[in-house]
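Structure incoming, see below.
Think of it as A, B, C and D in the order they're written, each chain with its own count starting at 1.
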Amino acid sequence: MDILIENGVFVERIKGRDPIVINAERKVILPGGVDLHSHFAGSKVTLGRLLRPEEHRLRHQFGNSGNHIGTGWATPTPFLCGYLYSKLGYAKIVEPAVPPLKARHTHEEMRGIPYMDKMSLLLLGNSWIIMDLIAQKRLKLLEKYVLWVLWASKTYGIKLVAPGSGEAWAWGKSITHIDDEIPNFSITPKDIIYNLARVNKEIGLKTPVHLHTNNLGSPGNYQTTIDSLKTVENLGLRDGDSPFIIHLVHAQFSSYKGDSWKTFSSGSEEVAAYINSNSHVSFDLGQIIFSNTTTMTADGAWQYNLYRLTGGKWINNDVENETASGIVPYTFKRKNYVNAIQWAVGLELALLVKDPWKLAVTTDHPNGGVFTSYPVIIAWLMNKKFRERTIEKINSKAKHIIILPSIDREYTLFETVIVTRSAPARIMGVKDGATIGIGKEANLAIYDLGDPERDLGENPVKLIKGLSSANYNIKNGLIVMKNGVPVQDFNGVTYYSGGVNESEELTELVDYYFKEYYTVEKENYIVQKGEVMHPVNVLEEVFK
Amino acid sequence: MKIIVNRIIVKATCPYCGCLCDDVEVTLEDGEIYSIKNACPLGRMKINSATSNVRNLKYLIKSGNDKIEVTVDEAVEETANLLLSADKPILYGWSNTSCEAQRLGLKIAKILRGVWDNTTSVCHGTAAIATAESGIPSATLGEVKNRADLIIYWGSNPLEAHPRHFKRYSYYSKGRFVSNNARRKMIVIDVRETSAARLADKFIQVKPNSDYKVISTLHHIIKFGEPPERKAAEVNINDLMEAAKLIKEAKFGVVFFGLGLTMTGYGYCNLDALYSLIRELNRFSKWVTIPMRGHYNVTGANIVASYMTGFPFAVDFSTGKPYYNPGETTIIDLLYHNECDLLMSVAADPLGTLPGEVVSKTIGMKIIAQDPFPTPTTEAADIVLPTLICGVETGGTAYRMDGVPIPLKPILKSRLNLLSDEELLKKILERISWRR
Amino acid sequence: MRKIILTFKGHGRPVLVYNISPSVFRSKSLDQLKKLEVKSGNKTYQLKDFFIIEEEEPVIEPVETIIIENSTFNLKRIGEKMDTGRIVVNGDAGMHLGAYMKGGEIIVNGSVDDWCGAEMSGGMINILENAGNFLGANYIGSLEGMRGGVIKVEGSTKDFTGMRMAGGAIIVKRNCGSFLGYYMVNGEITVEASSGSETGSRMRGGVINIYGSAEIGVGFKKVGLNYITSEGKKLTLHVFRGDSIESGEGEIRIREVSK
Amino acid sequence: MKAILITARSIRQGELIEGLKHLMSTELNFCDLNPEDMLKIDVKNGDKVVLRRDNSEIFLKARCNPTLPLGLVYVIVHPEVNKLIPYNKSLRGMMPGKGLEIEIEKIP
């Protein structure tokens, strides 16, 4: 069978002459991968680089690349990031944590990432304007503001990180219960989750609200997670590609039982059961990989706890009126009881949730591990024996209490394609970019995974090797990468949402906050289209 | 009678210090500056300097003892010649220009296998080193404006170096949870009674080079509630006990530190100690620390270099891969040890700002100076490349001292027929790439 | 085993000689050695461009030995990452001598520059004159400096000796500069003379012995006395524990606390 | 007399730094001293003094500043005063611009 591509899309018949022919006999051809949660650009990532020069010194230097400079592992430089993703066969990536005030920085770095189409999610879970509007019950205005702020920062969707907890952390405190009142704001985290999920549906964003739950990383947090998801049960489903109302990010970090680190255990069964019996939730794994990495999140309070646990380095960087953030280097160790359970929780979730269309494979790069480890996760999912080999090596106390050994399910190749391509593309509302079909965007990756007649899961080492370096990566019909070597310079588009609403009420509201609370002018807060690499708005630009 | 044909007000971002005030209003009358509102004397001077007669106006190349005027293309050609024939060129400066220019500079350095360093290495470089060693608990300035009830300036005098800092971001600013300075307290710690010290609720005078001991002692007092057994002779315990009391009462505290901490004693140890103290304080309440960066885009230089190469300053590409080791690869180290044979300075004045012992080593070195203004460096240079003033005559992006990116705007159209840093560097880069 | 003699022809600027290491020299012919990569400025050269290379026979040396004659501070990275054999440097050695070293032995008949033995994990470095700053220290950002092996300095060292040291031993016969054992985690440093200010500051673990005087950080508390014999002399050492500011468990044994 | 040199900025210095550097040598050529120190080296306001360190020396005018502690000399940072500043290897590229030991003397 031939796959024909012309002018960046799949076609039935080629009109031009002398096409390039690639012989992909006995190779596996997949649509370009979609990573819907990976911290690869922005102020947090750069602070991570500042914190860890040792990582850039010792690991992964890529010198042989003309004008380009590539170093780093958990925080690769933009060029290296695009290169590594492309090598992996990916086409679209999502930066899931942009503080609006620093969106310009994120775009500046994203401009330097070649090959990939980029999207980014805006941190709105601790925004003063949003919390005030919810408290004042000015919900129509809230919709207009969300559209405006997405447009102003040229970002794609809404991300809530430990809603309300960032505000508490600004006073050195944290919120442990989603019904607790946020300091100085007479609302609760639940109000934020509910209202933003509703706004998201009303204004028709392409992707659901992405939720990083409160209490993330703490023992016993699975209940908070389920409670948070329940909050939006009655909102129904959304129209469009992505029917989900809420997307639970790096679910692994939110699915723990126990009441201390000693009694820490897996809550994957409960969370998976909830997701299986409800249709409004999608999630991604946040699988951990046993290795050293640089954790970074907008959940400042949690990062301070993590720093207190490790006693190593810690960066904190709160952004005025909007969000907190923290960075801590961390090593996930096989022999560590908690880490071993965390490892199992991710895989358990992936194997216990029945419908692969509800989930995406991620490591919450770089929090659980680096994105280049995705092939290893695929191998764990496809091969029970390979899982067992890792279980052999983990902490022995953990080994006996996890349920992973009792799960027999093995993913088929088809299912892995769903969880690395189709499902994340659907959740993000960019389904057409990850489909091989006439008229669709021609993003392809061609892999050599050995003999396709045989069971691909049988030889995990070969599978990992094959998936780690695509023979070809074709982006918008152009060969950008061949056997792990960049072929040509090419920049993907940047998708964003939102629009300008011509409303005096909105102008008055926004102007007030800039005059009273921000330290920059409104005009300097708005990212201009010219500062964004190939901007594409997926919504109407102006609303009346 | 003068007829006013055209008077407009433009919003400007002040390209002077790390405060990067973006509320400056410049009134233009027929394209000339008529008045400037909201700027401090420093910013006013900088914006007015566009009309100054003291500018570099011509592309000059040294010939014998004189400098002769050449065209821009000849100057670029000669610059490329010198750069390409250098054994280890160092490209230094970058703090008074846009991020776009800095990016091009890094690319040039990478192609040439040279060294790229910015002025961080002689101002807040030690803070970057300490950040790499132990991490910095920080926040943006708006957090201070809205929340801080205790503000500490340590080794920094904002009234002289960052005149609008008090009003816009800290002591005199009005925020959501702290509405006026009556509710804020301020401690100034310095070796001399500065103008800011006179306004403070508490001024602690420390002996020169004793900051590390002072911070350690303060840390001990805060952690254990009592002064250490063996008291350092340089430290006044009573002062610190009082300060500790104020510190423990605060709900949200901030330490702004300046060159008084980074440049004295063993700079990065001072900051290691300070960051460690701030981490400790976060157990009681919320504490952050923010460096008082000098040049308006020195933070940008660190950020651009970090995301391009993984390292904030002093990046040595001579082996093909970026290498960073302050103490070996900063401009001071390299010049002192005669490691470089060419110095290209962009928007900086190394010969006027570096230590004498180091400057004396540049005699005999080839020097290329790109700067809007004459400086000791342009005077000594073999090639002088005049440019437009970034932030006044051309735009770009810059980062405020707390890492917030703010666009710079061209306030007025220059009367000079010159290129911006970015355009000129692009020409040089093209020339070099083509010749390679 | 072979004994290779490299005579440095001199060069005005630093030369990166990370290939001068028995681990690299092993099983290479003299011709191959001559072509080994050496870097200076932004260019790559061959070993023969900077050195006269001779092989000495017959061979009594028990291990592969490299002797560098006329060495100066401009030779950087001698014996970097070496894991076996022996290097004898006649003259001074530049920065990063024996950095990341895993095994073998380096003898310097002269002084060394900064970062000697940085992040080394095994082997032995013997310096007959003085050492620079950051002896056995970490490189920027790493949380562990020297992890194993022994460094002996007959002369004095400058600042930050044993910074973030996490194992092994450093012995200094004469004085040390300031911040000795800064952030030290483990291992043992012995200074047979005196050390400068802030000794042991931010120390988390390990032991520092000082047979002379030093000024120690404010976070140290006296816990007792210790009696030892050094070169026939009986010494009474005061034992301090700290740095309590960092909740550290390090130990400084010192004859006299200055100030 | 031995003293500690502190260099720091001032508004006027800041104004001159961009474009008017040539005025620095005439406008900023003084060093602040405590009145007691001035007595000690026997200078009055405006008298010429020399600051020395190793082989480098610079000439400035003395200026009385009662808020300065004893033994401290404060000079507004400019190209001239940088001549006194040495290189110190263990500072990792930082210049020791504050807290430097120097010698100050009256020029007869």
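Things to note:
In the analysis below, a contact is a pair of C-beta atoms (placed from the backbone, for glycine too) under 8 Å apart; a residue touches a chain by one contact, two chains touch by 3 or more.
Worth saying up front: this structure is predicted, and the values here are computed from it rather than measured.
Counting C-beta pairs in contact across C-D and across B-C gives the higher total for B-C. Between the CA-based centres of subunit C and subunit D the separation comes to 39 Å, rounded to the whole angstrom. With centres set at the average Cα position, the gap from subunit A to subunit B is 34 Å. Centres computed as Cα averages put subunit A at a distance of 56 Å from subunit D.
Among all residues of subunit D, those that touch two or more other chains are 89-90.
For subunit A, residues that reach two or more other chains under the stated contact definition are 51-55, 57, 313. For subunit B, residues touching at least two other chains, in rising order: 129, 132-133, 266, 317, 324, 326-327.
In terms of inter-chain touching, the protein chains here follow a pattern that is not a line, ring, star or complete graph. For subunit C in complex with subunit B, the touching residues are 12-14, 16, 39-43, 95, 114-115, 133-134, 139-141, 159, 178-179, 182-183, 198, 201-202, 216-222, 244-246, 257, 259.
Every residue of subunit B that touches subunit A in the complex is listed here, in rising order: 11, 13, 22-23, 99, 106-107, 110-111, 128, 131-143, 145-147, 168-169, 174-177, 251-252, 279, 282, 284-288, 302-303, 306-312, 317, 320-324, 397, 399, 403-407, 433. Those residues of subunit B that touch subunit D in the complex are listed here as 16-17, 41-42, 45-46, 49, 52, 54-55, 121-122, 125-126, 129, 157, 159-161, 163, 191-194, 205, 208-209, 259-260, 262-268, 314, 326-327, 329-333, 336, 349, 351-359, 372-376. Taken in their complex, subunit A has these residues touching subunit C: 51-55, 57, 312-313. Of all residues in subunit D, those touching subunit B in their complex are 4, 6, 8-11, 14-15, 18-22, 56, 67-69, 72, 74, 78-79, 82-87, 89-99.
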